[in-house]
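Shared chain: subunit A. Partners: subunit B in the first complex, subunit C in the second.
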Partner chain A sequence: MEFTPLYILQVIPELLRRLGVTLWLAAATMLFSTLFGALLAWAKLGKSRVLRALANAYTAVLRCTPTLILLFLCYYGLPKAFAPLGVDLNRMSRFCYSLIAFTLLNGALMSEVIRSTYESIDRGQFEAAATVGMTPFQTLRRIILPQGVYIALPNLGTTMITLLKEASLAFTIGLVDLMGQAKLIISLRYGARALETYLALTLIYWALTFLIARLVSRLERAFGAGRFERAREAAP
Partner chain B sequence: MSFDLDFFARAARAVLPGIPLTLLVVAFSLAVALPLGFLTAVARAKRVRALSPALAFLVSLMRGTPMIVQIYVIYNALPLMLSAFFRKAGIGVNVFDVDPLLYALFLFSLNTTATLSEVFRSALSTVGAGQMEAALTCGLSEAQAYVRIVVPQMMRAASAPLCNAAVELLKNSSLVFYMGVRDLMGIIKTEAGIGYNYFEGYALALVIYLILCFGVQGIFRLVERRAKRGRAAQAA
Partner chain C sequence: MLRISHLSKSFGSNQVIKDLSIDIRQGDVTVLLGPSGCGKTTLLRCIDFLERAESGTLSFADGGAVEFATAAKKEIARCRRRFGFVFQNHNLFSNKTALENVTEGLIVARRIPKPEAVAIGREALARVGLANREDYYPNQLSGGQQQRVGIARAIAAKPDVILLDEPTSALDPELTGEVLDVMKALAEDGVTMLAVTHEMTFAQDVAKRIVFMDGGVIIEDSTPRAFFAKPREERARQFLKRLLPNYGEYTI
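Up next, the complex of A and B:
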């Protein structure tokens, strides 16, 4: 066994061929888990005691569930659960299984992001919007969301990076994303140059998380720009 | 949907010896990472030349890449490095005899150190610089000032993220199985493989992780409550 640093660079293009799968999975999960998280947050902030307890219990359990176990439970459990209904899920793609597992997991995180953002917005904003005759939906779209996005951005960035990292476990149920591609390349070479391949993978993931962090701080500046000007004008 | 309860009970007994191993990984990593993470945070805050950028690089690498990739890198790199070292030092130990648990302890300690250093870094910034200056003016040494003045105040901001880090560590420890450590995930996989009881197996794993995780959170809540009582007594 010997170490050939040059191979790290050579294998990167081969790995990047599956970058799309990783990014698609992350993006689709982000979309669905935001919707699911919003639903959970709505339940947590709502008046119904039962819904609130259910949403809180769900979040507490999912926060303590290792990703690996949730993936396996979905992969082995969903076909079992749906079989009596006459639905055959055995042909469902691994991508779909991964998407479901990560949406369940990330939805819990997103619900907390959304809930804390909503609570951090001043009550007076809602009242003021109602006073000028806005409907609840208009209030949400024009008043709450623009402020909320700015407040939520740091948390959103952390959640996205966590998701990207956790999503690398989808290879355990056979999805060929970046990580799966690395495993495939190594097994095609009968285990040779495993270290170099994983180091290349390290570089790729590192670059991805770095880019997300940069993007989020850019957005923060963009959304914050108007905010600080207004604050300065308001200051005596 | 059929749920094999017999298997569940049988596997639960078989898996018990695997639990201390998981707890060992968590406890050892925390024991190493608490002091090292704090020292890293202090070194970075003081901007020690050469050391601070190197630490920042390591922390970013550890925080920016998936745990599973780190596991595979260490699993492939450490034996290579160790065998070279053993040969140079003339130690007649075969690297393949080294218990993979040692690799796991090494990696999880390093990773947790990186996580905790970020926790302590932001917690340190919540303590005003004046506290340190005042302590030094009173004639305390720098070490005394940290131990008696800064750290107790810092812990108020650090306790919640510390709990999160411990939970994250516990969940990630389900991955040591991929380093060849036969922890509870490994035991469950073999038990479940005999009769294709994967769903029951991973449901059992989930139950165990939930219990452990709620246990960790309970311990943190207990310590926090005691600390709060101490603060209240001082204030009175």
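Up next, the complex of A and C:
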């Protein structure tokens, strides 16, 4: 069959019908893996040796597991693991399985982003805040977090983009997201116009990635108080 | 106004401060001298609970005393209100402007209404000569200006005592002058200060009292005049000889 560039544009609206699934999956994974990652980072930075060792081991193991395999392990393994507890996961949606698998993996990655960010902020500012009477929580919220978000943003952006792309693997367990939709469209046409469809899909992912990158640089400016202001002329 | 008694602090097996006692009187400008590693900085940090001492009592003339080792969070907070702390490398909040650095603690910790805190902050910045720099971020200020903001932050809430931990040591030599001038002006205003510094001129000209420490104990406690003219202890003489190249040459 002849290559038809026009078809690329025609198929985009059809693909976009499933844009929501991809975005929701990425956003929910980002949210839960940030929370999970914060917990892991807290364990890594804490005083308990056991917790620290556990969190480090978890991170090491998860980082060594290919995403696709982890997805399968969750999809086939979780129902078996929970069956003895009397929990039936067979009817859990594929979206949930994807969310769990990606959160498990991304939590490990996020924990490293959060830990390195926390450690990059000068301890002295904690002490200074203490001497003016601020509580650790106030210090965290008003001094450390705003600086931390800024420092972490480039890493966060990379993590988000990687996640968005890797989440396309979820079609392998039958989730119909953008990628799943593309597969469906192609098989409905008995394999015809596969190239055009994937090109259309590529364009969509490019656009999404570009938007994330823009968002991150916007946020960098918003959180970069005290960093973007360059030296002013010396006043007399 | 303030008494520290029987303070001891170790790091592991290394006892840095040994059963040290000192009184701070109102209006005193006390300079702590001593070879490096003698426990000067640790003493300051223990007083403001940045380090936990193993033993010792902190008592105030207007009543109230706390044990360094066992003070609860609330007691620590109450004690810290009496102190301002100036760090060697200023430790300014890098995401806050000069004015916000000064007002942050007032607003957040002391719950002073913002307009009032801003007024206090402006006054403090004016005192250190930075009235025209209030909306500058730390990275837009020179080292000396940053340290002056650090001093403004420490004096803003009018604490009883300002603790200064080598406030000029991290500065380029040509910037130390402006910081020392500010400290001198505060001393003339009667602000009580306890300072660790290697600035001998400041110690000689501004201090009312010199406390010489070595090995975690106070060896000499005297006036600058007496100390610099003729320290009683050999260790203090050695120390001065190292720091003041001409020391001893003119005495007979």
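Everything below uses one rule, namely that the second predicted complex is superposed on the first by the 224 of 236 C-alpha atoms of A that agree within 3 Å, B and C clash if a C-alpha of one lies under 4 Å from a C-alpha of the other, contacts with A are read in each partner's own complex, and residues count from 1 in each chain.
Rule of thumb we're sticking to: contacts are C-beta pairs under 8 Å (C-beta built on N, C-alpha and C of every residue); 3 or more make two chains touch, one makes a residue touch a chain.
Note that the coordinates shown come from a computational prediction; the quantities given were computed from them, not determined experimentally.
Touch criterion not met for A:192: it reaches neither subunit B nor subunit C.
In the superposition on chain A, A:209 makes contact with subunit B only, while subunit C stays out of contact range.
In the superposed model, A:38 lies in contact with neither subunit B nor subunit C.
After overlaying the two complexes on the shared chain, residue contacts for A:96 are found with neither subunit B nor subunit C. Shared-chain residue A:12: touches no atom of subunit B or subunit C.
In the superposition on chain A, A:51 contacts neither subunit B nor subunit C.
By the touch criterion stated above, A:81 is placed in contact with subunit B alone, subunit C being left untouched. When the two complexes are overlaid on their common chain A, residue A:128 makes contact with subunit C while staying clear of subunit B. By the touch criterion defined above, A:219 lies against neither subunit B nor subunit C after alignment on the C-alpha atoms of chain A.
Note for the complex: subunit C touches subunit A at residues 48-50, 77, 80-81, 83-85, 87, 89, 91-97, 104-106, 108-110, 132, 136-140, 150, 153-154, 157.
On the side of subunit A, the complex with subunit B involves touching residues 1, 3, 61, 63-70, 72-73, 76-77, 80-81, 83-84, 161, 164-166, 168-169, 179, 194-195, 198-199, 201-202, 205-206, 209-210. Within the complex formed with subunit A, the subunit B residues making contact are 1-2, 60-61, 63-70, 72-73, 76-77, 80, 167, 171-172, 174-175, 185, 198-199, 202-203, 205-206, 209-210, 213-214, 217. Touching subunit C in their complex are the following residues of subunit A: 122, 124-125, 127-135, 138, 142-143, 146-147, 150, 225-227, 229-232, 235.
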